[in-house]
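A, B, C and D are the chain letters, set down in written order, and residue numbers restart from 1 in every chain.
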Amino acid sequence: MRRIYVIATGGTIEKVYSEQTGNVQNLDSKIDRYFRLLRLPDAEIAVTHLMNKDSLEMTDADREKVLTTVREKLAAETAPVVITHGTDTMVETGLALQNNLHDLRFPIVLTGAMTPLGFEASDGLQNLTESLLAARILGPGVYVVMHNQVFPVDRVRKDRERARFVWK
Amino acid sequence: MRRIYVIATGGTIEKVYSEQTGNVQNLDSKIDRYFRLLRLPDAEIAVTHLMNKDSLEMTDADREKVLTTVREKLAAETAPVVITHGTDTMVETGLALQNNLHDLRFPIVLTGAMTPLGFEASDGLQNLTESLLAARILGPGVYVVMHNQVFPVDRVRKDRERARFVWK
Amino acid sequence: MRRIYVIATGGTIEKVYSEQTGNVQNLDSKIDRYFRLLRLPDAEIAVTHLMNKDSLEMTDADREKVLTTVREKLAAETAPVVITHGTDTMVETGLALQNNLHDLRFPIVLTGAMTPLGFEASDGLQNLTESLLAARILGPGVYVVMHNQVFPVDRVRKDRERARFVWK
Amino acid sequence: MRRIYVIATGGTIEKVYSEQTGNVQNLDSKIDRYFRLLRLPDAEIAVTHLMNKDSLEMTDADREKVLTTVREKLAAETAPVVITHGTDTMVETGLALQNNLHDLRFPIVLTGAMTPLGFEASDGLQNLTESLLAARILGPGVYVVMHNQVFPVDRVRKDRERARFVWK
């Protein structure tokens, strides 16, 4: 049984539709329900619900909190880490991690979604599935994993128009 | 083969998630895709895409257009009519139909959804399914059909808090 | 709050795929999970899991049991009854009910599915949705409700080739 | 744009439910419909529908055909290969490939499913998603990829009771 840490920070992947307001928002975390749709007989997924924010609203203090949490996990047990995150500032958080974490022995994978989990045509479950696999087989480093692509975090940017990540 | 007219006017049931804006909006009509998920071996569904509006933005002219379209359909062939509509002013449109259409020989059924078709926990396909059945078995009159309930249009109001319709 | 009795007897609608045998079979009942996908704010669904059989294997004693259970329900509280049933002998059971139940004050609706609930292209949830609505609005009698059609039980037969019910 | 070859041979992942027989069988290939559910902006999936068989019925000649097809693909363009296959003899086919293909420059990934694509609780789309990602990041070799696990083909066996693959 291999442990994989998951740190949930919010973003589109966790957004829900509110019948009262008619908007999609980061209200309750729903990622656990989607992990239960996957078969993971040899993985122990340890989820930390750190915050539930649109990534455009994440502050430096929030990013510091992500860094601290990753450090705690890696101190407790060296195992891969998957971070679910809004796509707009995912790269910024990833670079902060890369700049502050040294001698990594496992990969840190950032992922998210263009359309919330459970909405028609959502890419959320695909990205979660890919990230959990990438967490097991990639070498040490900080990566963005989405849409069948793996990017080292210092080589990627979001292409907002096309709703995907591209090499930079 | 029994014909059922469907007049699509928009509302939450047809909203889609926009990856560019992060909002749900009435952009393209998607109701036809959902009809194809149903087995209707003895029904001919004739859909008119009349408009695609949030029902809070529907004007008197829009309601007039709905009335005219229903009249045209009933003149062409006497058959039941299902109208998909935003829930906020569904009753208003229904009352306008009831006040202006006399000697109905078939039911006119208004329906919609609290959560868009295809989003997790959506009530949209349930309401479409119920409305198509109600259209076949109800007597003449104007009704709201949703959530396993059938209301004559002059006896119903939306309960916004609880996201459902109730007797008035 | 209106009560609707549901009597589950098995049939294709409840079949599950067995990973050990590679077959679909009537093992555990799954109908309750699917009722939870529907919004029924004004209905109290009282489910009796009577048996879980392929309807080709139902015996006269089984049909007697269905009849006895319907009688018990109607004695306890007069309310509509939905019976989920295999399609191959659904009409036979329905006729037995019609011949033995007199002075009905509510409808008895038989339904089922051509493809099990939860399998791609299943008609199961559509048929459940339709039957629960039909149970509320049909007059007294015994009916088969599937695929947007309502048949009095003595006027219907299964068309096996086309996987639907037709008038007889 | 990176090419990934897919060779479809059948197995549970492609089985469909037949309403006429009530069985699940390898009739029409459905894998393409499921690829369309994935976002693959940087991958060109080139699918070859080689056969559609329960893997217990695959013969030596069939395995020879798989080997020949892989060779053709690798000769045309060196790119990773994903083979969808019944789980019962997946390892046997994988070992035949390993024994006959030398100097691989890309991974060959075998995958399948315990429950057919599109059936409730299916692991099919998860396994396809994982295999397409594994195809991009694994080193040269022949692997089985399923359920968040990656096995070199000579170190794996199916555990039928638990419906999963395990190390041997």
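Going forward, a contact is a pair of C-beta atoms (placed from the backbone, for glycine too) under 8 Å apart; a residue touches a chain by one contact, two chains touch by 3 or more.
Here the structure is a predicted model, which is why all the values come from computation and not from measurement.
Undergrad: With over half of the numbers shared counting as same, classify the chain A/chain B interface as same or different.
TA: Copies use mostly the same positions to touch.
Undergrad: Which chain lies the greatest distance away from chain B when centres are computed from Cα atoms alone?
TA: Ranked by distance of C-alpha centres from chain B, the top chain is D.
Undergrad: Cα centroid separation between chain A and chain D, in whole Å?
TA: Those two chain centres are 28 Å apart.
Undergrad: If you average the CA atoms of chain C and of chain D, how many Å lie between those two points?
TA: 39
Undergrad: How many angstrom lie between the centres of chain A and chain C, each centre taken as the mean Cα position?
TA: Going by mean C-alpha positions, chain A sits 45 Å from chain C.
Undergrad: For chain A, jot down the residues that touch at least 2 other chains.
TA: 114
Undergrad: Can you identify all of the chain pairs that touch?
TA: The list of touching pairs comes to A-B, A-D, B-C, C-D.
Undergrad: Within their complex, state which residues of chain B touch chain A.
TA: 12, 17, 19-20, 22-24, 54, 114-121, 160-161, 163
Undergrad: In their shared complex, at which residues does chain A touch chain D?
TA: Its residues touching chain D are 37-43, 114, 123, 126, 129-130, 132-134, 136-138, 145, 147-150, 162, 164.
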